[in-house]
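Shown next, in structure tokens, is the structure this report addresses.
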Amino acid sequence: GEEGITLTITANAISGGKNAAGAEWIKQWVIPRFEAAQKAAGHEVRVLFQPNGVGDEQYKTKVALDLKSRTGADVIDLDGIWVGEFAQAGYLKPLTELGGTAVETWEGWKQIPQAVQGLGIFEGKKYGLPQGTDGRVLYYNRELFGRAGLPEPWQPRSWQEILDAGAALKRLPGVTPIQINAGTAMGEATTMQGALPLLAGTGTEIYTGGRWAGSSQAVKDVLEFYRQIYSGGLGDPKLQQEAKGRDKSFAEFADGRIGILAEGDYFWRSVIDPKTGVAPMAERDRVVGYARIPARRPGAGVRGQDFVSLSGGAVRVLNPFSKHPRQAWELLSFMHSAEAVKAELAGAARVTSRSDVNAEVLAADPMLRFVSEEILPITVYRPGLAVYPQVSAALQEATADIVSGRPVQEAAAAYRAKVEGLVGGSGNVAD
Amino acid sequence: MISVHGLTKVFPGGVRALDSLDLDIGEGEFFALLGPSGCGKTTLLRSIAGLETPTSGRIGIGGTDVTALAPGRRDVAMVFQDYALFPHMDVAANIAYPLRIKKTPRARREARAAEVADRLSLTGLLGRRPGQLSGGQQQRVALARAIACRPRVFLFDEPLSNLDARLRLEARTFLKRLQDELGVTTVFVTHDQGEALALAHRIAVMDAGRIAQIGTPAEIFHRPATTFVASFIGSTPMNLLPGTVGDGVLHVAGAALPAPGDLPEGEPIVYGVRPEYTDLSATRREDGFPGEVAVLENLGTASLVTLQGPDHLVQAVVGEGHEPAVGTAAWAVPRRGRALVYHDGRLAGQA
Amino acid sequence: MNLVGHVLGRIASAVLLAVVAAFFALPMLWLASAPFDAHPSITVSLPEFTLDNFRAILDNPYALGSIGNSIIQAGGAAALVVVLAALAAYALSRVRVPGRDALLYVLLLMSSVVTGTAAMVPIFELASRLDLVDTHLGVVLTVSGGLLPAAIFILKDFMDATPTSYEESARVFGASPLQILRHIVVPTVRPGLATIAVWAVANVWGGFLLQYILLRDPGKSPGSVVLYTLYTEGGQPDLSLISTFSLLYSLPVVLMYLFVSSRYGFRFHGGIKR
Amino acid sequence: MSTDAAGLGRGRAVAFALPALVLIGTFLIFPAIWTIYLGLTDYRLTGAAAADPRLVGAGNYATALGDERFRDSVWLTAQFVLGSAIIGQAGLGFALAWIMRDRRGPVRRVVEALVLLSWILPGSVVAFLWIALLDRDGGTLNALLGTPGAAWLLDHPMLSIIVFNTWRGTAFSMMLYSAALENVPPSHLETARLAGASALQQLRDVVLPRIKGHVLTNVLLTSLWTFNDFTPFLITAGGPEGRSEILPVYVYNVALRDGRLGFGAAVSLLILAINLVFALAYLRLLRDRREVPG
Amino acid sequence: MISVHGLTKVFPGGVRALDSLDLDIGEGEFFALLGPSGCGKTTLLRSIAGLETPTSGRIGIGGTDVTALAPGRRDVAMVFQDYALFPHMDVAANIAYPLRIKKTPRARREARAAEVADRLSLTGLLGRRPGQLSGGQQQRVALARAIACRPRVFLFDEPLSNLDARLRLEARTFLKRLQDELGVTTVFVTHDQGEALALAHRIAVMDAGRIAQIGTPAEIFHRPATTFVASFIGSTPMNLLPGTVGDGVLHVAGAALPAPGDLPEGEPIVYGVRPEYTDLSATRREDGFPGEVAVLENLGTASLVTLQGPDHLVQAVVGEGHEPAVGTAAWAVPRRGRALVYHDGRLAGQA
């Protein structure tokens, strides 16, 4: 039976390019070890890696086309947000249907917090294994804070306190006080780092109880906050419109030209890391501070929280059309073993999905420990539905409207009209 | 050698380029097709070559019916007006091209090309491209290419018309000698009557898809069968003047001239006489056309005088030293026996 | 010609040409400086000269091979397009087929739509049913289908402009249609074929989406796809790699241009004539 | 036997054209028909509609025509085509061909080489070059003009991509017009000059009537290509706020980013229809020309 | 009227098309420029028109120096070989075009176009496009356009060479009359010597950018100054045979001929005699060139006979009915006083 089985892994990672470390891990660590382990167990298994190095949309399209024509890799990397729409399209099946009883009895489940498991769950069924997660915080530049006479360490308790800090920073020449992503050029970053955390701070989620947030007071409050920043001279509207605006905001923060920046922990790890970052800050640990994102007012956040955050993360799924689903599960679970996950980190610190690994690897990095301990408990995930990207886009457009000076009322109404069109009528929209 | 029967060609647009045309050309004959632009000369030539499919009629070459045969299998060679030398091949390759198509071995065809080139004094040019040749040289290369494949029939479509006046005269003599030597049946299209007269054994004058007259150059020149042929032939245009017959006398443009026999009385006729056979008189003559000298054209050894009459123009050729002054009165007198009388457009007699 | 006016006109046109040359050269300066700069930024500056970037790009496992793939795919497509378009254009130019021009226009219009994003699913499914996914041939065939109508359209103009007496002459000597095409027509329209080949290569060379979707093995990816991998984890362009690779990746088309323009010259006929 | 020059005949002509037609049929017409079908459904790449697309008839078309973004996009595309294809590429291409018509030597070769290079360099590379050129902070243009901080791509997105596309595509027009101008008999120009006609009068009376056919071919092809040109996406991504979202970018965003393939297919067909209107208008002009025997 | 001094034109490629050329053309003169292809005729004409900028030298028209004047301001009209009629304008618009450029009011220019068209019998064609006209009609429209703006000078560049042989003869006479009537100074380029002889008051024969001879048609025809001019002029090419002077006798191609005075002994000379002035003798003659009849060409009223000698070709024109048979032996005897002797390429005497 199992003579000469071939399994394929695909991911948006490629040697010498995008996510090179991930690609190396698969090629150098996962494949040889898994093959060796299988051999030891008496199975002849060959594992191939199909790298990619493109934009997320293109990667998603290619994977979808593969699955649509019932081909493709056996183990596939996906963004957690795509799980729902892929499942609806029949491109994914619950893990248990594919991997059999081995799935239920996998040791790893115990190590993945329930909230994080949610990344791979759609309509109550587990479709994928989460690779890791993250959290959003407010970064601030301590030096600028010092020069602006602001207290430090800094932890705002309401939106107003952010604005106040911005007003103080505004007095420094050549400094953009606050960068909260807005506009369509930033794409999903606007929703993730801006609109949704703010919305959570008003106690609302974008999709609850089968209905999408419309032009509610919550949405208007969010837009009003944007307005205060971008028409009050606290943010740089141009930055929100450039195609490469987000990259530029990174560079400016690293340069000490942005006071406060809302970003995920990825920013800390990969952007301003003194050694490996794309916009390295030699004095990161000394200069950069971080704070939880406050609710609009204390206690006004979702679940009555004082502080809020938003999380995302990638998952790995099994191809339902795999010829060898059980072996594929073995491979998938192998890739999520504690040992493998540690190897994937390759010494770097990152919030993984496994608590056991986190406890070990985050010890050295206070920022990531902060995310893992302080942020994950208060965080929110996005709905993994097919129309979500479009609703998100509508939300981005609404923020873009604000940045370009349109009144809050109008932008909110336009947003609501769009959402109604997208989700099939006002019945599916709250307020 | 070539026989054409009832050949008709109607082009898709409805133009009847050839109209039930019959023609027989003998073995070894140098045959000219002459006629004004658009009369169908090229169409006839191309039909013989097989490049046009006749609407009806038959074409035979050397006794076999070739009407349905592809051009490449008719064993004819054609020289086009623009020579159609292949611009990307050198002279040697151009000359050898027909042999290459016939799969002659390379060595044989190179030898043959060199031999033909030598005969046409092209040896020094074998390595050149057509673009680097003068018009006269190009014409000789085109001839060489046609000769190289030793066809049964040569077809030439105005091969001299792209040469300048001087070269044309030289090429004419050259072509005539070549054909004499090779003895290959040759059909030659031209609209220059001088060329046709000088070169051909026989000439067919065409008009609107039909043949107006076939004959030797002398027949065509001296006894043009219709006013159309008469007006077309001659290095200076023939005087053609309307007149009537009355009492055995022709009344033409103010002159009374003797009439040939059997012309019906009172009928309109056309009186034709070549300027070369018209003499000028400074004094009034009954048998002369009156006029005032309007134009004098130098022909080299002679001059062409145009007389403006009350309502006619007459031309006469006068020898060197006999030119009248412009503006003086003169009478143009046809030479006896040299004039032609046309009735209903056809030759009715000589006077 | 008025001498003063003549001189003034010459000066004016020289100035204008200089401005145009500057306009066209300006964007390309970056390509000339950044690859040699130790710290390339998006600004054109005198480089802090280094060849390290080239060493780095050679270390990339896919970079050099991808240029080879581009050559295979673009060359294959160009060859296919030139051969098929020449045959078809010749036939269409020489034989009157009813509705010929309308057909060409319709195909031309379709080609622009089908190469767009919306036809991705049909094209992918087609390729996958014909077993062409992840093959060079698949890329070559699909891009050729899109390029052919315009190629036929342009080549037909070339064919229309060549005098038919060449062909008739060869035909009287007994040459077959294929011989005529080989011996006479192809050599005389060679500049046109060269132009079409360059145009086809340039079109395929930069193509990304179709190639990305049709190919699986990165060892078969063309340069356009690999160029997109030269981003960091955060989706930020790695300027030193990108500039260097861009230069290497542009080099073959530049060389091809130099070759073709010196050998045949770029020449267009054109004008819809009938 | 046949009447065409090469003796092809209908049968062999078909055989010559067949390989190309088969390839076109398979990889062009077949997907095109499929796309037409998709345009009648609510097909999506993912989600429930991917598993089970429903026929919506003309629904997509109604949605598109009713969508403000689509209409804006049509208008932007019209500006883009008019500005970059007709005025930019055809205009500049003609100007260059005209200026260089009797020029030989290095100046002409250099200008031609630069123009042609812009045409054949790969699109993705070219996009980088222009982003680098127009960048707000480090852009070469700002450095040259002494306008640091001028955000060309944000403040003048359409102008930027119009200039870009002019830069990108002028080569084709230049080559075509160079060939066309060679067809204008010098004696005609000189007759006009002898009559005392100015350069503009010569253009109007002699050159333009003569090269009308070339102008039409050129305008037809360049507008068609410009209509469907996706490269501007690589520079402005349709932004800011959709202010440079020309139709191909719109389709990309709709079909790929939003995954609405059925709708995208419908929009593609609307583009085809608009192209058809263009082409018919050009052909109409052409027929007017043909009434004038040359 | 037109004076050209030291005119030199070197083209960018280095071709010296005109080489320090001097020329004076009188008021109202019909002046022909004749010469082989590439000798610079067109360049000279275009320089007068202002379409070429001379490398050095001056051009005057009507007493004013126009060397630096734009073509449109020289008050000249030019008719090109291809007529250069604008295909998109009808005949009326074509004729009126120069007036339109000169901003003549519409009514005035229409009237003028109609008047000129009437004079050239074009009235019925005013509404047609050039594509719907025959070659002869096109030529007349081009003339009408040139006449319409009443210039001081007409410049014609081979206006007849696109017409077929028949039409060319008619157009020639027409052109001659028209110029006589209008009396406008006319410079006329041709490479057809027959045309130049027939039309011009004076002819300049050009060779390689210089003028080989200027004179009336008769002067040029009867006393060509150089062998180049001699070979170029005449409706059949002049016989030019090399020989030597010895004891006051010319030894040329096997014949002994009387020498004109003052020729240096023993020098090589060239003996020229026109075929028209060469008689055929069937019997051996001391003063005749021996040969075998190789080619016979019919000239209409006469025939051109080509004799092949041991190493020369001689041609003679014989009258109707006197043609020898091909292959027979004959002697070509130059007529007394009609032969020309050239020494060092220049005319040295008449014999």
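In this document, chain identifiers A, B, C, D and E correspond to the written order of the chains, with residue numbering beginning at 1 in each.
Rule of thumb we're sticking to: a residue touches a chain if its C-beta (ideal position, glycine included) is under 8 Å from a C-beta of that chain, and two chains touch if they have at least 3 such contacts.
The model shown is predicted, which means the values in this text are computed figures rather than measured ones.
Asks: In contact with chain C and with chain E at once: which chains are those? Just list them.
Replies: B, D
Asks: In the chain contact graph, what is the shortest path length, in steps, from chain A to chain B?
Replies: Shortest path length, in steps: 2.
Asks: What's the chain with its C-alpha centre farthest out from chain E?
Replies: Result for max centroid distance from chain E is chain A.
Asks: Can you tell me which chain pair comes out on top for contact count?
Replies: Chain pair with the maximum contact count: C-D.
Asks: Round to the nearest whole Å and give the separation of the Cα centres of chain B and chain D.
Replies: 55
Asks: What is the distance, in whole Å, between the centres of chain A and chain D, each centre taken as the mean of its C-alpha atoms?
Replies: 39
Asks: Rounded to a whole Å, what is the gap between the Cα centroids of chain B and chain C?
Replies: Centres of chain B and chain C (C-alpha means) sit 54 Å apart.
Asks: Note the residues in chain D that touch 2 or more other chains, in rising order.
Replies: Residues 2, 5, 7, 45, 131, 256 of chain D touch two or more partner chains.
Asks: Could you tell me which residues belong to chain B and also touch two or more other chains?
Replies: 50-51, 70-71
Asks: Could you list the positions in chain C whose residues touch two or more of the other chains?
Replies: 120-121, 125, 165, 168, 171, 228, 237
Asks: Given the complex with chain C, which residues does chain B contribute to the contact?
Replies: Going through chain B, the ones touching chain C are 46, 49-51, 70-74, 76-78, 80-82, 84, 86-89, 97-98, 101-102, 149.
Asks: In their shared complex, at which residues does chain C touch chain B?
Replies: Contacts found on chain C: 163, 165-166, 168-176, 179, 183-184, 187-188, 190.
Asks: Which chain D residues qualify as touching chain C in the complex?
Replies: 2, 4-10, 12-14, 16-17, 19-21, 23-24, 26-32, 34-35, 38-39, 43, 45, 92, 95-96, 99-100, 103, 107, 110-126, 128-133, 135, 138-141, 143-144, 167, 175-176, 178-180, 183, 211, 213-214, 216-218, 220-221, 224-225, 227-228, 230, 248, 251-252, 255-256, 261, 264-265, 267-269, 271-272, 275-276, 279, 283, 286, 290
Asks: Show me the residue ranges of chain A that touch chain C in the complex, using the header's touch definition.
Replies: 14-19, 21, 50-55, 58, 61-62, 65, 68-69, 71, 247, 250, 266, 270-271, 278
Asks: In the complex, go through chain D and note every residue touching chain E.
Replies: Residues of chain D touching chain E: 104, 185, 187-188, 190-197, 201, 205-206, 209-210, 292-294.
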